[in-house]
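Multiple structures follow.
Paired with chain B in one complex and with chain C in the other, chain A is shared by the two complexes that follow.
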Partner chain A sequence: MLTFTQVWNALGPEIVLAIGGFVAMVYEFMVTGRAKQATPWIAVLSVLTAIPLAWSKLHAPLATYSIAVIAVDDFGTIFSLFILVSVLLVLLFAIASQARLKLAFEYAYLVLFATVGAMVICSALDLVTLYVGLELLSITTYVLVALHRKNVKSSEAGLKYLIIGSIASAIILYGLSFLYGVAGSTGLSRIATALQGGYGSEPGLVYLSIALILVGIFVKISAAPFHLWTADVYEGAPTPITAYLAVVSKGAVLGFLFRVIVWLFGAKLGEWFGLVGWIAIITMVIGNLGALSQRNIKRLLAYSSIGQAGYLLIPFSSLSSSTLASVMWQNLSSTVFYLFAYSFMTIGAFAVFSVVADASGSEDVHAFTGLSKRSPWLAGMMTLFLLSLSGLPLTAGFFGKFSIFLGALGAGQIWLGVVLFATSAIAFYYYFGIIRAMYGRTQEGDTPPVRSSPMQHVVVALCAIGTLWLGIFPGPVTDLLSNLHWFG
Partner chain B sequence: MANEAWLIPAIPLLVYVILLVAGRRISEPVVAGISVSAVLLAFLLAIAVLADVAVNGPTAPTTYAWLDFGAHSLTVGYEVTMLNALMLVVVTLVSALVLLFSRSYMKGDERFSRFYQYLNLFVFSMLGLVISPNLLQFYIFWELVGVCSYLLVGFWYYKPEAAAAAKKAFIVTRIGDVGLFIGIILLYIATGTFDFNGLYTAGGAAFSQVATLAYHGASVPFGMSSSGFITLTALLVFIGAVGKSAQFPLHVWLPDAMEGPTPVSALIHAATMVAAGVYLVARMQPLFAASPVASETVAVIGGITALLAASIGLTQRDIKRVIAYSTVSQLGYMMMALGVGAYTAGIFHLMTHAFFKALLFLTAGSVIHALDTQDLFSMGGLRKKMPITHIAFLAGALALAGVPPFAGFWSKDEILSAAFQSGHYVLYAMGLLAAFFTAFYIFRVYFLVFWGEAKGEKHAHEGGSAMVIPLLVLGALATLSGFLNTPFDPFVTRFLTYGHPLGIGIDPPASLPLILVSVIIALLGIWLAYSVYGRANRGAELAKRMGVLYTLSYNKFYIDEIYHYLIVTPIFTIARAIAFIDRFIIDGIVRMLGELGYTGGVTLKYANTGQVQTYGVLTLFGLVALVAIALGIGGVL
Partner chain C sequence: MAEESYLARFLDTCRYGGIRLYANAFIFLLVFLVLAIALPIGALAVLGPLLRPSKPSKAKNATYESGLEPIGDARSRYNVRYYLFALMFVIFDVEIIFLYPWAVSYHTLGVFGYVEMMIFVVLLLIGLMYAWRKKVLEWM
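So, the complex of A and B:
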């Protein structure tokens, strides 16, 4: 029997979030009127409590806190930290947009529950735990997407996400079931033993299982050609939830990918990198070309986030080029660094977008026309986020791409690097469309004044600080990452 | 003094910050006063640094650790070499004069202080680029000058042409930047360092040793041969220079960039930023020297650019565009010089060109300021009304045409004779033809603008002293700076090759017949311009006689159009195809289902389930394909 202390040691931050979620739920149910506005702050408080808890576990050896189904290693902890920081930003963003978006306060605890799922899939060591975490994340986000019950687009997006997400979950589950069938166990370590560092006695079934798991994951992180749902769902979801999907969901599922595939098939990855590399290339190309012709900024950012998924797959593909541990750590560092950078710049861009779209009632690029006159601060910040997304030096995006690029070249995958840069050059084109609109000529009558709350400025400023900090002084973060003992 | 070289870029940065914070509250004269005096101070420091290295030789780089990436560590810092000491002086001098000129030119613009703010940021970035001790820092400043150029070309953003030109400039140069960046990374992988010095040490004697190129005990990456690898990286670096220095085939952005204010054209698009590509190739000289293929490519691209741009310049009607094509052409000469191994000739031409081309742009600015038009055929007879501008332009034109003893004569002649004496006869001939065109087109401008009858109602007159002083200083430099490096006393060559272990860049001695040929060619061009445009404008007659050649030149050989059809259109077609799938096929199915829904009652209330089905089906197709591939990998299928 596990003692509570053991469970607490392994799952402390998750437990804090879950308790916070229940408290928020009950509170929201009990009070009426203005008092409801405190609900999201309960969520913020529990995230703020969870962050130091997770932080305290960094550098702990695997055996210290782990239990049979949950590993407490630096890989899981750093992903948890990424998730927590991003969720904090998303929550603040949601609080800031609350007044205009009229979000139901349920989002506060739903986000917390989804986050528990997200953190679990990055540290689970058992197929069942993994799947439960994945479903907790997925089902909660289906609801979150459809949070605007009376808005047709939001409900439609929720339904679409539910259907496509369920297909993906089913595919993943099918893949996991083969693993169980071959190994006779759901524990990742047992399965790895049964596969004897290879594919075990039933290679055909194992191949099938890897393929199924990969497809399910590709759907969830919106890699091409499984990306079709992305633009519709991102467009329909309330903007803070879109940011959550783009950052937290995507990052956590990527963690899942690393956890399962590296843990089980680490030695055999070499056979798969070509496939993942091609998916990365297709994703980068389709995401960035698709964004070119979008007029709706939310759809544009959705396609851009497809492209970003392609960038994030590069380190995974590079992983497999070598069995050297240092190569693996380097690529993991790149992934996590880019995830942090991606979190700041994406949430920041969505936050500015949300203010601007509210002001003009339009999600079109025209909504940004003359923003530099109406709000030089927001225009400047948006420019920063867009430049970072396109990877200009002195921004977080540059260093993120730079280290991914180094990793790809180090793995001898020069073409991945070339496509990374070529598609970034394309990305400049559409990001510049927005920048030009902001600084370009204004037409009469289509420039409603921007009204923004102090809270919105706080979110934007936090994201900007993160973007610049990672761009100019990435040292502390890269130092931290290079000193991690990833899987033990 | 060279150890305090960091002060030189720090000064304009400080002014930038001051203007950023307080710019709106300071009056125009103060903004301009602070900027000009600050950059003048930087210029004096640069002179002191130059004097220091002239006596004591180059300094070792001063570096600070920036960050560590696992095994990789990056540094920032500064370094003064002979080459960049000279660049510091040129950049600060031209910048100070252009900042002064802008005082009058931009007077009354509502964003006056913003303009100075951007210019100071640019000067900082350019100086930072010049003193970077490593390629990564160099690349960051390289991007920064690109951003400043974008901001300044699009300064009058309410003009749609200006906004489009700014974007075009940025994107076209980005194409080159991608090449440069890949080159930098490849070099890093092979040598384990970004430092210019380290590269050459790791590369051994001119990068010739396979063993020393290798890093961490591994051999050259990607299993390439050592020489192939050096050629590849040199060419990638050169692609970056092609973009920045507007070489064929990426030259198309520079003429469009003339939509920016004229002082910007003079500073960024003539004297400094566009020369950064030439500076880069010069800085990486050992790498290029190790690869004959790359050097030949540099020379040939330079030669083609010189001739092509000069021949386009013959027919343009916009005064700034003529000078812009002339800039492209002159940059081509510099590349050609570097390519044929005449390193000091290329740098010397960079320097003289910075002076006389900034002069030509500023005089053009003075003319545009007076007449409010850029159309050559609406100008005329300014010789009397603007005597100082006239004399200054004439000095610049003579320098550009290569008439002795003006500056351009010495430097261009050095390049041509180096091309000839290194056995590049075809390049020499191209350079000579381009020189003929050059003399013709610049004197075509001269005669059209300053001779003939005055046109238009407007009363033209000289600008204020802020506009005249820079013209006088640059006029003097355009006339005299050639004497810094004559065959009789090659001061610049001696300076640049101070203590150079490899003995690179010693140019062949001048030969009198070659000099005579150059002079005759230049005079012929001027004479032709005079006979066509000197007394009456007989340009139309000439155009008719040239027929299709005239049309080709006037339309810039249709290169923009070719790019549009070969590159822009296909990309947008693909993008539209993706949008088509997104919007049309999928939405089409939805709409069809929607139509059915209307007729069939509420059965298809959730019309979009059709859409999701499509997504689902496509997902399953993907699944089947991936499973097939997976089983293929496993050898089961």
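So, the complex of A and C:
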């Protein structure tokens, strides 16, 4: 029988976040007027409580709670930590831009509930629990995207995301249902046993099931042939929510991919690496070429995040092409390292963009014209984030891409690494367009100086510290990652 | 002999369960699907016209509205506010679905089940309070 201690050991951080969410909810609807502004801080507080809790679970002995269908392993914990750090940054970012965005305060607890879903995805060991976590993440983000419901673009984005997202969820569920049909159980370990480490007695149905799960996941992480919703949704959503979608939502679904596919098929995944590799290549090329023609920075960053999804698929492809355990651990740690880097640089870029767009009332590249004169500090920070996104040395992005490249090399997939660097060169071209606008051109006429609040500077500075730290001193983080016992 | 082999095959299916049982379930589904489509079509579109006399008149073809003269369009519009009440109703409807089985097996579930169910009920209560404070329950 399950005890309360077991539940707490398995789901401590998630419980803290859920309680924080409900406290924020009750607070938000009970108080009136200016007191409502404290609501997001309750959310920040619960995330700050959850981070040490999740940290203390690292290196804890593997435990699976059969009735709770949750595993406590380092894979789930490190993904939870990535999610928590990103959510903290997103919440601070949302608080900082509250003065202009005037978001409904519901966002504070909706973000927390979505985060609980994201964390459950990464540590659940049962198809039903996994799917419930996925839906918790999806449904709350549909609402978050349409938070500005009087704004036409926001509601359009919300509707598009709702339709595409729920179709993707349905496809994933259909795929999972075949797994249940073949194995007769929803527990991942029991399914793995029933499939005898391969495709079991019914390879056709298992193939169909993997194909459906992969398609649904590719939609959710906006991999290339399924990316068409991304630019519209990212553009219409309030900017902090866009950052949330780009970082947390994508990272968590990637965790789902690793958990389900690696746990179930392990080394037998070899036949799929070619397909995933091609999807990664198409995603990198389409994402980066698509960004070339974008004038709107939010759409540009959306296409850039499609390209980043391609980079993040490389480790998955390399990992499935080899049966060596060391290759698997190396690729898992390069994924997590890149996710941390991606989180800092993407949220940072969105934060600077939000300040600049706020000052000039435009989301166009021209909003950045002459930023080096108007606000040298913000221009410098934006340059840092863009250089990191394009993967120049001394930034987190470079080290992340380098370790992904090494992972691909270790698995013998040199061609994936080559495409990675070729598309990064393309990416540098369009990021350089923004840098040139900031430093090169002089401003005609006078534009108001960029006004920014201390809070916005704090968010930008935190992201910059993260980006530089992971770029210059990656040692501690890579050591931590290489010492993890991923799946126990 | 024939019966025996069918029986053996049936037992075999039961014993080795798994995928054959899974496929069989879909065969039943297919049979139901075909019946569900074929029966109404057969009754209404094939057998009906053959059996019934066909003598239409203006009064017979008119829309039936409790014996009164039909007025206006058949499609009438509802206030969109009903939607919120319907949504609230569904939440509490689902709550009952969970509460009944819990109440039946209360003794086997014990304290853990009790606390779990209380958490569930309190969460729904918070949802109701949210709706109340956001003026969902007020008509105007």
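The definition used in the following text is that the second predicted complex is superposed on the first by the 481 of 488 C-alpha atoms of A that agree within 3 Å, B and C clash if a C-alpha of one lies under 4 Å from a C-alpha of the other, contacts with A are read in each partner's own complex, and residues count from 1 in each chain.
To be clear about the criterion, contacts are C-beta pairs under 8 Å (C-beta built on N, C-alpha and C of every residue); 3 or more make two chains touch, one makes a residue touch a chain.
None of the values given here were measured: they were computed from a predicted structure.
When the two complexes are overlaid on their common chain A, residue A:406 makes contact with chain B while staying clear of chain C.
Once chain A of one complex is fitted onto chain A of the other, the partner contacts of A:290 are limited to chain B, with no touch recorded for chain C. In the superposed model, A:478 lies in contact with chain B only, and not with chain C.
Judged by the touch definition given at the top, the superposed model places A:159 against chain B, while chain C stays out of reach. Counting the residues of chain A touched by each of chain B and chain C gives the higher count for B. Legend: residue contacts after superposition of the two complexes on their common chain; A:263 is shown touching neither chain B nor chain C. In the superposed pair of complexes, A:436 makes contact with chain B only, with no contact to chain C. Interface residues of chain C facing chain A in the complex, by the touch rule stated above, are 17-19, 22, 110, 112, 115, 123, 126, 129-130, 133-134. Only residues 1-4, 22, 25-26, 29-30, 181-182, 184, 194, 201-202, 205 of chain A touch chain C when the two sit together in their complex. Chain B meets chain A in the complex at residues 66-72, 139-140, 143-144, 147, 154, 157-158, 160, 163, 167, 170-171, 174-175, 178, 181-182, 185-186, 188-189, 221-222, 571-572, 574-576, 578-579, 582, 586, 606, 608-609, 611-612, 614-616, 618-623, 626-627, 629-631, 633-634, 636. The touching residues of chain A, counted against chain B in their complex, run 156, 159-160, 163-164, 167-168, 171, 199, 203-204, 206-208, 210-212, 214-215, 218-219, 225-226, 228-229, 231-232, 271-272, 275, 286, 289-290, 292-294, 326, 329-330, 333, 392-394, 403, 405-406, 409-410, 412, 414, 417-418, 421-422, 424-426, 428-429, 432, 436, 439-441, 473-475, 478-479, 482.
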